[in-house]
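Two complexes are shown next, each including chain A; its partner changes from chain B in the first to chain C in the second.
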Partner chain A sequence: MKQLQTLSTLAWRNLWRNYRRTLIMTSAIALGVWAMIFMTAMLRGMMADMITQGVNNLPGHIQLHHPEYRADPSIVNRFAPPGDELLEQLNQADIKSWSARVRVPAVIASERASRGVNLIGVDPAEPLPLDGNLLKDGRSLETESDRGLIMGAKLAERLETRLGKRVVLMSQDPDNNVVDRGFRVVGIFESELSATEENQVYAGRATLQKMLRMDQKISELVILTEEQRLLQPTVERLAQSAPHLEVLPWYELDRFLGTSVETFDGFSMVFIVVIFLALSFGLVNTLVMAIFERTREIGLMQALGMTPASICVQILLEAMMLLLIGLLVGNALVLLSLHSIKDGLDISGVAEGMALMGAGSVLKPALHTLDVIRANGVVLVLGIVACALPAWQASRLDPITTMNHT
Partner chain B sequence: MGIPRLPAFAALMGRICLLALVALTPHTYATQTPLDARALLQAAMDHWRGQTSQATMSMIIKRPDWRRTMTMQSWTRGEKLSLVRVLEPKKDAGNGTLLNDQQMWTYSPKINRIIKIPSSMMNQSWMGSDFSNKDISKSTDILDQYEHQLTAVEERDGHKVYVITAIPHEEAAVVWGKEVLLIRDDYVMLEEQFWDQDGELVKTMTTLEIRELDGRPVATRMRMQKRDYPDEWTEMLIRDIDFDVELGNNLFTLSNLRNPRQR
Partner chain C sequence: MTSILCQQLCKTFEQGGSLIKGLDHVDLSIEPGEFVCLSGPSGSGKTTLLNALGGLDTPDQGEITIGDQRIDQLSKKQLAHLRLQKIGFVFQAFNLVPVLSARENVEFVMQLQGIDKAERRQRSDTILAEVGLAGLEQRRPAQLSGGQQQRVAVARAIVSNPVLVLADEPTANLDSNSASQLMDLFQQLNQKRGITFVIATHDQRVMSYCRRLIRMQDGRIVSDETQPGKIALQSEGVAPQEQAL
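On to the complex of A and B.
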């Protein structure tokens, strides 16, 4: 123990013999660690944003459909609203809220144009009545038998119609008969994604059920959960109580989003390792230089009775101290820089591109403790491993040769 | 292109129906004045029910740089059943459309298939003509889906002309703000105007020629024109029409649509 203390003192003093080199190395480590954690936090923030938007657009973390619905989203593939068994599962604690919706393809026509749209029937009392889109003008739906229609600003523009005017919606009933009905536009919504603005329209669920002659049946059940990523147990439980329905979490409903998120997960680790590799060359070089400068000294210490193991430990201690100081400064930098942008980084300059990726124009970093531990751990552990080679070589030096060395 | 444009044969039929129903109304109604607007249309409709017709007609589509003429034959029974078959030009000959109430099927000999027209195709226009599929399967809409008002009675060429303003019900599947119909006292429709919800005229169907056919006055040349496109229009010419003809029971069937037996 005493010996370790002596070795520590030696290591510490050695560290500051060439303080310039130490300071440069420390700042390199600090910068590296800062980059690792800061970029990971940014990526996490972007991912969380993408998931939130994706879940708003789908909408929901989990959706229940008729098994054929996703292949053919027509009125034929409808199902009865949840029965007792499913209702019980839906009232469990891990489910935040749910809503039953009608969703069928339809054609919308004004005096001057017509377009294909997704006609969505919602109950405004249930969550996400507009899929997270913002009402820009007019009113929202009041009840599930509201007779008004809410459409996107872009669609209104395309149809040359506006708030307060009537449009006609056409679709098919379960027997393939044409059904149509006039609706007054009572609200205009805007969305970050122009595609949504152009091809989603919302009406009262009961109104649509009547128009489409589908009784109480619905097209989809949308579920919001407390947990964002680990949905498998909930999905399995729901699937058990609704065996005739297809139960899918968001990462399978929106494969692109699911895969992107997974890729980002892996990517952050790759990022950390790449930065570390660049860092490790500097670190090993510093240590090799320090040993090279002190070759005679090491020989002398060995001649005076210091064991090779102690030499090795001393050099490793020196490396560890260097790393720890760097990590300390780096983490402080991270906290400082994240604090300065805790309200989000305005990236509206590239908002259009980000919108394509499904992310918003304000980037909010998300610092996960696990990411911090991972980055610090990688630097510390791999750093010491990288330094083991020069340290071991130093302990192998022959005292007689080294002392004769000039 | 063969398939999507077919439905508009039926679009044509819708207009023919309206025209025919007006033409078919017996002259006795004409003496009953003053008429309330809805009764005027209702009487014509009631009489139309159960009646039959057989007609040969042409359709001319005019565009700034081209013009196209088609000849076709049509049969109707009541207000719900109609069948149209193209005779000319040769490449479209044999294409047929069957209408039963709001349902619509088309048949093309080139692919030897009957296709039911889905709702998504109802708003499409036919070969760029000024009729849409929707215009058609809607022969009784002008009665059921509108509030009617007799807004004026005019004198024109020694005839009385009733101007009827029809405003669609709140939830009617109609995009127009209002329609204005000009009906002569012998029940020939002179004009049908389609107004948008801002009070602007969008398109007009005008009768350009009235002739006596099979003992009745019939609008034999009608033109549908959008107001914003002055050199684009679609005209329908009735070459020949017979009313109250004997029609076989299998005429308005899918099998006859595919394998024409004519009567």
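On to the complex of A and C.
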């Protein structure tokens, strides 16, 4: 189109004719886009944080169990360590690492008290030997045959025991015989979740397998993947190579976390749509006003031989310029504001409620290219679509009547 | 050169339930290079006739021929093209695009016609100088006087060599000094370049410039006189035929 340059010049100059209105509108667009992208980045950061925490506590992105284990997490529902077929799948690129664990209910007793706990047998060479918990005192387990025990600070308090003391663990073997064994407390851990600190104890996997007379068998296979959210293909692949096991991703293992994340996803989309609606209302209004003020010129240009299509294009160009300037400023604002909090935003003041949902007290925004494209795309494309009607109406103005209205 | 022919033109408007005859069986023929004045009281149909001649509006009935082209049945798009290529307009007011400079306003039509930049610039500056606006090319309409604005409009109307220039009350918003300057300019362009002018007015001074005076009333032509005194004036200039070469 040869006239495009003429039309662009006209659109650009008309844009700055009422520069106050244009500035207000571009600021509104900039702010809207900023809010869309920034809030989404914050939400994404929060969700990533929640998922990481959840995955540390579960632990793992995906877990494999005996099909009955979740209903009855006892030694009865154990299974053999991964065979060749499953091992091959576990070596695929989408899987970061995995660990095989023993996990059974047990009773722990000190000289003073006793409590029911989850007894977890791990190989310290494998990932997440303490789940997401931090060792506070003492040492970690050294091998899977380590004879030491690591317990939470709160449990130690309840049992009135401490580092270096001995405790007795009691559970059942596969034949329902009671088995017990003495352990020395070699480490104390801290957890963000007090339930974990009170209920989990960690020992060497081989030590437990011997104590519980379960040979090489295990209770669960914990898998960490590269991808956090899109796990379905991996889950399906694993389920195929381990048909006798139940394969579940984190969002099904922890339904609450799963739905929270889904809700946040929906929320961010609703947020984008609401902001866009407010914006488009302002945008269309601005454009209608601009056209109304300019009816006579539009009539004149038509009288001189400009086609209705060109009038329409000219007005759409004007809207597009307005949108592009707003988007440019808005995206710059996003980069600026995200840069200023790139080390995370300390929300400890308001974080108590968040911690309940598994989020940390420092919020790190996560900017996804796709979110940026989506927000910009929504504003630009739908913005122009919203302006199509006023533009079309302007092109339908009759030169004679508009010119006569002096 | 192109002559203009109207036959049995009718245009009816509806206003508040009653029908108004804007044009009532108008027959008119205009020869190339004529300088025609359309007069008559307000509401007599002058604007309606000009709009029909210029392809801004289509008549309900009748034929309009410009050269060898029937224009009364053209589509909106075809009419836009006709106006762009063949007709120059000078309106009473608001002739110019406010965001464009005088030069850009003159270039506007040529841009729509797809004439390249160098030629546009050269032609617009020549024509602006011809209408006496040399040095004011960069000014926006708001920075020009009413008379100057009308001259820019005239420059734009003639820059792409239209077969016909239509002016609707071009002097109505001007003081008498600017008005006579504008009429001098029209006359000069008519004589020098042989451009056909049709000027609608109810201003006595304007009528005195015209060789042919058509009077309208209630949508009809009530008189059509060629004033003998003006023939001499016309013949002093370059003949239209020569100009065409």
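Here is the rule we use: the second predicted complex is superposed on the first by the 405 of 406 C-alpha atoms of A that agree within 3 Å, B and C clash if a C-alpha of one lies under 4 Å from a C-alpha of the other, contacts with A are read in each partner's own complex, and residues count from 1 in each chain.
What we mean here is this: contacts are C-beta pairs under 8 Å (C-beta built on N, C-alpha and C of every residue); 3 or more make two chains touch, one makes a residue touch a chain.
Just so it is clear, the model here is predicted, and its values are computed rather than measured.
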Combined model on chain A: chain C and chain B, fit or clash: fit
Which of chain B and chain C A:E236 touches, first, second, both or neither: neither
Chain B versus chain C as contact partner of A:E262, first or second or both or neither: neither
First, second, both or neither for A:A109, with chain B first and chain C second: first
Which superposed partner A:R166 touches (first chain B, second chain C, both, neither): first
Chain C, chain A and chain B - angle at the middle CA centre, rounded to the nearest 10 degrees: 160
Partner chain(s) touched by A:E226 [first = chain B, second = chain C, both, neither]: neither
Which of chain B and chain C A:N176 touches, first, second, both or neither: first
Chain B versus chain C as contact partner of A:D72, first or second or both or neither: neither
Overlay on shared chain A, then closest C-alpha pair between chain B and chain C (Å): 87
Touching both chain C and chain B, counted on chain A across the two superposed complexes: none
Residues of chain A defined as touching chain B within the complex: 105-107, 109-112, 114, 116, 147, 165-172, 176-184
Touch list for chain B against partner chain A, complex: 102-104, 116, 118-120, 122-123, 134, 137, 168-177, 194, 196-197, 202
Residue ranges of chain C in contact with chain A within the complex: 47, 51, 54, 56-57, 76-77, 80-85, 89, 91-100, 104, 108-109, 111-112, 114, 156
Residues of chain A defined as touching chain C within the complex: 2-3, 5-6, 9-10, 13-14, 17, 296-297, 300-308, 310, 399-400, 403-404, 406
